[in-house]
């Protein structure tokens, strides 16, 4: 049976992301206490893959994830999931909101429902929990930690809690991005809508250095979906860039751009090509089509013979 | 008396960052339960400034801070602080590490001392706290939440706890960056080493669009210290870039670059120019010196007359 | 009375270009034996302006003209003319083509009608002349230099010759460009369709150096109509670029681009802004409109106050 | 026996350039009356190669040469020569300068010695000749066209004339560039110092279009030695660029840059790679070395497998 680790405990948005995978419902799902530990299970071979948050998470681990993937030299990204961030108020027994005197949840979740709480349950005390799932779980203890918990819909459902209110997040429409990480193996097949993730060390810290890297993408018509500079930890001015690109490494435009960057930053790391969760179709102009690359290469070869 | 809010509770790294400010020791320091609430105090005028974390924090709030500053239209960054991230184990009474059976701390802090804990106190149970300071505070309760707490050195000192072990973080040398935010007022004076923070909406999501923005910096010799793309929340492909630049808006090269970007992305927001915490001196080549800008402007004016 | 010099003798395409100027018909037109001598007359004040060829000329002087203008430090371009290049066969008395045994013309003109001559007058001997006009003039001498001459329509008309054949050029549709040069004075008024000519010394001979200059134009939406690298004569790798730009120096986008280039190449020379002969209207996008520059400057000024 | 055509007549600087070729002294040298006719001889197979002027010539043909090569689809450049431009005054019999009452030469040569003539032989009449060689030749006619001629040293030597004065050019140090053109065949071997000539049609006439072409060179560390925009003759705004690049098509950096440009401008024409006449050694940085290209390609291939 396929086994996946995920940033736990049970019922996190990360598990919800994992459940989007075909076959995940039947797979064994192993909660991990941190992103690093979820990834370590993959490296050690105790699971087949790990689902971890990568952007805007309410459960932490965000900024750490890609760095961890990068440090763990033998992991690749093979998929991504998008999960809408929405919260419910859940309790063991049915009760009106006005009867709630204490609410357990993780501090990040609390920050995201604060305005709702001030208006709707101003009298309720906030009880910090190590995760939203742990807060909900605490309702089932002999001495419940609180009257109610704020959690993902999945947690409430898994624990059989009563949902008193839903959609209580102050900002609606937020989405968290998750990636599925495995040991290196065959790169997922190219689709009509793929992403490629790379880490590019900045070769030199001076004006224009980043632009010279980006030129390799723009001259090949490769759009950048996400870019973040991160300190390497080797001291001042020593950065790398974490980037998601539109396209698959099997496309000539992506391969050619990465080839160019390898020359100026040979420590570039390829973290994977995988289908986009949003299925947004790619815009590939004629001059960066595979056909244009083939024609250009054939022309040069004819000249060099 | 000057009043500053900070991401609390007392004893956070954020308070340590605040204490680096000249005069902060004597100022009134008001802990806030979230970055947003610290910033709101500034906006409402109940404090003169707020110190909030901006990068790699162990106390959360990181990715939210700049976004919050950006949403809150009337706040500017006037300074930055760097605080080394280091943890201590503290207890109410002196005790050996081997005697610890439970340890309270925030989940982020716990993630950063995990390897130390597995090796040194494998028997100890982890008790989640809403912050490292809250965990330490909990030691002083009638029924202490745990035997010991993992916190910043500042918390242990403020609470008069015994430091049993220090420097227990798994990765040493980490530094967290904080910024001091105030209502708009006079921009801090130019020094030899300044930074400028801006938010630039991406005018169009296509290959090369980011590069066209960066060209405005490279043609003026302005180095980029940090760049992060962030979704605006208005849907797919709608990004802005959060950037720290070397230099002060009173330098011609910075002003000229921002002028250029304003044309292509008129919703650009200036969040402040302020002295760099690391005091790294600037490298300004002759062609982007104020003198070169003046000479060029004088030349053009002579031609247009 | 206004006086203009032009690359002579009478009847050249250059005089035809001069005659396109409003008022030139009534002005005194002084033929000069070389571009340099035409320009020298302007500098010395003996004429008000000089019309000289600048591109694709059949009468020589082409590559020398802008260089000469550049060396002559006190001259500006104030206008341009386009003249279609077409040739006629002219003789003193009417005669059939088949009766022509010798044809006088300048070697450049001869090169441009060679194929016609081989087919139509294969028996005719080519008699070199110092200019097409001199060849035509030679038909009127006591001992005519040839039976017929190949010249511009203007020469034949001015000398009262018979036009035996016209439109005999091997390549039809060719156009020669001429510029009107004066002492520095008020720059011609901005129209809807202007050009600006500059000379930009290459600050450093290395890969990317030219691109860094061109970036100043592309970031301001200024199109380049003509570019030519020319050795400065100071030795290997010492170049300048002669460029025609779309737009007038009174437009912010042009002024801003030239200001930027002045910083990296302070010896840049402005040779003039003047109406385009082809009246091709300009495409100015919103982000490089004068309004966008004004708004950007106002924004920066508000921040720096 | 090898046969070469050259822009004649005998004794031109072009013949001097031809004589720089190893073996040219013994080869048959065929003067041609125009660049086009010299090139036509190559195409028709009546000669093995043609030497034609390409830059700053005193003998014409300059701007036409590359265009002609381009139109004639089956010719390549295989070498270049540099000839210093210097003039002598020559006569049939020895005579003092003061005794000269007329001087024959080509108008371009006359323009280049004008200042010398005004000072040294102000009384002498200028007699136009169809070439400097023709002027010199005319001294040997039964009725000499002039007392003396202004020509290249080679002409005077070939005709056995007396050199009365030498080095009379107004600007010393000028150099003319010539290229040797043959039918397509094996590209000359790579040396330490090569040039490559290409013609690149501008894909679109808008701000930044040229820069996008040049980026392909700068991202591969390929320096541009010469660039000239030329109208294609297809109407307004329809240009191509004639460019000389540092490097040989057998170098990866050159091949990769041209491959990139072929995608955006598929009608690019390769006119040849050949040793530089000035033997200036190339500066190839590590990131654009053949080794860097190989390593980058090997990396990508390993990822795509």
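Here are a few things to note about the model shown:
When the chains are written out, they are named A, B, C and D in that same order, and each has its own residue count from 1.
Note that a contact is a pair of C-beta atoms (placed from the backbone, for glycine too) under 8 Å apart; a residue touches a chain by one contact, two chains touch by 3 or more.
These numbers were taken from a predicted model, which means no experiment stands behind them.
Looking at chain C and chain D, not one chain touches each of them. By the residue-number overlap criterion, the interface of chain A with chain D counts as same, with over half of its numbers used by both chains. Inter-chain centre distance (chain B to chain C, centres taken as mean C-alpha positions): 60 Å.
For chain A, the set of residues touching two or more other chains reads 215, 218, 220.
Residues 34, 36, 56, 60, 62-64, 106-108, 111, 114, 126, 128-131, 134, 171, 173-174, 205-208, 210-211, 214-215, 217-218, 220-229, 231, 233, 236-237, 241, 278, 280, 283 of chain A are the ones that touch chain B when the two sit in their complex. Those residues of chain C that touch chain B in the complex are listed here as 187, 212, 215-216, 218-220, 249-250, 255-256, 258-260, 262-264, 266, 270, 287-288, 292-293, 295-297, 299-300, 303-304.
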